[in-house]
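Take this structure, written in structure tokens, and hold onto it; I'll ask about it next.
Order as written gives the chain letters A, B, C, D, E, F, G, H, I and J; numbering starts at 1 within each chain.
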Amino acid sequence: MEFLVRTENLLPNDTPDDVREQLRKGERERAMQLREAGILKRLWRVPGRNATVGLYEADDPAALHDALTSLPMWKWMDVTVEPLATHPQERS
Amino acid sequence: MEFLVRTENLLPNDTPDDVREQLRKGERERAMQLREAGILKRLWRVPGRNATVGLYEADDPAALHDALTSLPMWKWMDVTVEPLATHPQERS
Amino acid sequence: MEFLVRTENLLPNDTPDDVREQLRKGERERAMQLREAGILKRLWRVPGRNATVGLYEADDPAALHDALTSLPMWKWMDVTVEPLATHPQERS
Amino acid sequence: MEFLVRTENLLPNDTPDDVREQLRKGERERAMQLREAGILKRLWRVPGRNATVGLYEADDPAALHDALTSLPMWKWMDVTVEPLATHPQERS
Amino acid sequence: MEFLVRTENLLPNDTPDDVREQLRKGERERAMQLREAGILKRLWRVPGRNATVGLYEADDPAALHDALTSLPMWKWMDVTVEPLATHPQERS
Amino acid sequence: MEFLVRTENLLPNDTPDDVREQLRKGERERAMQLREAGILKRLWRVPGRNATVGLYEADDPAALHDALTSLPMWKWMDVTVEPLATHPQERS
Amino acid sequence: MEFLVRTENLLPNDTPDDVREQLRKGERERAMQLREAGILKRLWRVPGRNATVGLYEADDPAALHDALTSLPMWKWMDVTVEPLATHPQERS
Amino acid sequence: MEFLVRTENLLPNDTPDDVREQLRKGERERAMQLREAGILKRLWRVPGRNATVGLYEADDPAALHDALTSLPMWKWMDVTVEPLATHPQERS
Amino acid sequence: MEFLVRTENLLPNDTPDDVREQLRKGERERAMQLREAGILKRLWRVPGRNATVGLYEADDPAALHDALTSLPMWKWMDVTVEPLATHPQERS
Amino acid sequence: MEFLVRTENLLPNDTPDDVREQLRKGERERAMQLREAGILKRLWRVPGRNATVGLYEADDPAALHDALTSLPMWKWMDVTVEPLATHPQERS
């Protein structure tokens, strides 16, 4: 099932650059793994913000929760999840 | 997977009594079927309101949507759905 | 550019069935045309509601506006549009 | 009487790991006691968040307050409580 | 247990005067009965509005719901209920 | 005149225990004085929160402000005040 | 004591012109009386809206309520009232 | 001085086409006059909605109010006005 | 033109008393100057809060901005400004 | 395409004056470059706040995002972006 996931990154501004860079690198690597696993299907930036909108697919909310919390930035992110139902126009 | 479902019943106050009663009867019957199918697990009233909080279980959001729209009152209800993830304390 | 588009269908409950059915049929046909034109890329139902979340692509907000208002149901829909920026992870 | 209880865990991110782990352990133990006492009946995670939805039963709001404040994490939690009325479908 | 109850009266402005007056009279009589039964303890007007704030006491939310829905105006009222816990300063 | 007063206590979690205890003690003593002066008439806890709902009586908003700011915890409290009008049912 | 009073005029657009004009005339006359009685002290328009912000003075919220409900347009107005406390800079 | 003005057009869907067209024509003509008078400086559509964002210039809020209420559609529009201050970067 | 100005004072609670007192003194002095200049016309306290509602008059929003930012407390204040239009009842 | 961009500057109050001044200087210079590039078309202050409303033009949301994040103050700014569609009155 698919979910629309919004994240706001609240990492403090005074985070040292090397810590921030290491987190970003880990974030990108973990996101890539989630893409390869078919869990992260699309990702957009909210223009002007350190925030994203993502389209995820997971077996259930618990599996989605595990995927999201596996992101190194997760503990600094405010995340909201919205379930999406397949539209009849796309059932076939 | 489980969902928390809120409904507000917006059936107009000037609905004739027999129409209203027929809808309520159909609603109870359909709810009973959803209980027997294991889809509607618990139902509460929001005190003071013509509104409910329900605990549902369905295979995915599309199946939940089909169950909710099968309720005769659905077209007069404002419905919001929240996905729930199993808590590790309850996994076993 | 891509947009996230939410719609709530506010068609009155007392709309005659044939009018409603004609609108739905026209809606599906127009949506199909927008898909073929590459404007409507994905469409989901908000579970429990007569509402959708859609992913659209259009040259600019004016073109998106024209596409949305070409839907026969548009005048009964409450629509909100959110611009999406390509995420660097997906640039290549 | 039953209550729907939402919690958001606001424990600061820079809490030392051992303090955090001790709090989590105490939280699990106290939650288990509340389950055994029939006060905590169900607990879910809000997917993507350090947050929960719980179904509690207590004699009155003061007893519920005492149960919630007995949780070691309580002072870092933002908690909201909603009273639930038994639905006639479930009275028997 | 005590509850804080807010009501907004949404009776349409074009309600005939005799219907309105009959509803008001019935409302006052039922409110008086709820006072005598110890369920309605205090009632205030929200200044400037056709709205009230009330302090109610009932055994549980279901009993409160029954009391509120017994008011003749109930079907035109938007009602919200908040549970109140006895404060230690008032326990004795 | 009567006021409904809500407070949220925002005292930081890392406040030393002795400071916190001294504030609480002062708070209780001052609240007792306000009760004796007929200003604080009822006080409830918002279940699950470090928050209260209170019923106050004062000559005017300025007198109420002086009473509230005389509480030792005031500077850490988020306070909202709502004026209440005597309901005709209670005038006599 | 002084109050800040906001009104939104919700008189339906299809109100006959003569009814609307009669209401406006009555409204102006009653407002003038409230000014002369020292109850209505200032009145502004919210630019772009059929809405006002007013500064009122009344002995208590019940007296303010009586003044506001004496306005012929009252039953079509959405009114909110905010109590104001004299600022020490203006006490003398 | 400049104002940011938002409008939502709430003209009922069942308005006869000729009435609607006459209103639109009058709206365009009046808007053109406001442009020529230097009052309406820019106008955008909110994509997907029957709504606009406009940049207006007027001597004061009362003059802006008069301009907005001179639009034939005004009585069906929900309008909000935000004052804008010249930014030092643009003073010269 | 007149403006309704709301301020919330967010000066941290741990501000040293002498700093706080100096700011308050400067605030009172500057407010007095703004009164004498006819810019600050009325000021009220929001009861229970470290917050004010004020009635200001200035040539335009930029002049109002300059007046507000000249207050020594400004950088700790959350300020919102609402434009007010003269009501026809007060034009003469 | 054009965007309405709102910013709230959240730079902490205890930022040293020289850091703040350097940021402001860099901000002005970068804003000037964005003006010259035709990206920043208008900028206003929200009166009373350390906040702005801006009119931007960019090829797409990603280009706008790049422009906004190039501002030295960006990491301390809360930014919201709203897409604007050309109004037919301005097409020609």
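One rule holds for everything that comes next: contacts are C-beta pairs under 8 Å (C-beta built on N, C-alpha and C of every residue); 3 or more make two chains touch, one makes a residue touch a chain.
Bear in mind that the values here come from a model prediction, so they are computed numbers and not experimental data.
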{"item": "Other chains in touch with both subunit E and subunit J", "value": "none"}
{"item": "Between A-C and F-I, the pair with more C-beta contacts", "value": "A-C"}
{"item": "Where subunit B and subunit D are represented by their mean Cα positions, the distance between them in whole Å", "value": "24"}
{"item": "Averaged-CA centre spacing for the pair subunit G and subunit A, given as whole angstrom", "value": "50"}
{"item": "Chain centre separation in whole Å, for subunit I relative to subunit C (CA means)", "value": "46"}
{"item": "Multi-chain contact residues (two or more partners), subunit E", "value": "3, 45-47, 61-62, 64-65, 81, 83-86"}
{"item": "Chain-chain contacts as defined at top", "value": "A-B, A-C, A-D, A-J, B-C, B-D, B-E, C-H, C-J, D-E, D-F, E-F, E-G, F-G, F-I, G-H, G-I, H-I, H-J, I-J"}
{"item": "Of all residues in subunit E, those that touch subunit F in their complex", "value": "2, 4, 28, 31-32, 35, 42-47, 52-53, 55, 82-90"}
{"item": "Touching residues (chain side subunit A, partner subunit D) in the complex", "value": "3, 5, 61-62, 64-65, 68-69, 75-76, 78-81"}
{"item": "Subunit A residues touching subunit J - in the complex, by the definition given at the top", "value": "13, 45-49"}
{"item": "Contact footprint of subunit C on subunit J as seen in their complex", "value": "1, 3, 60-62, 64-65, 81, 83-86"}
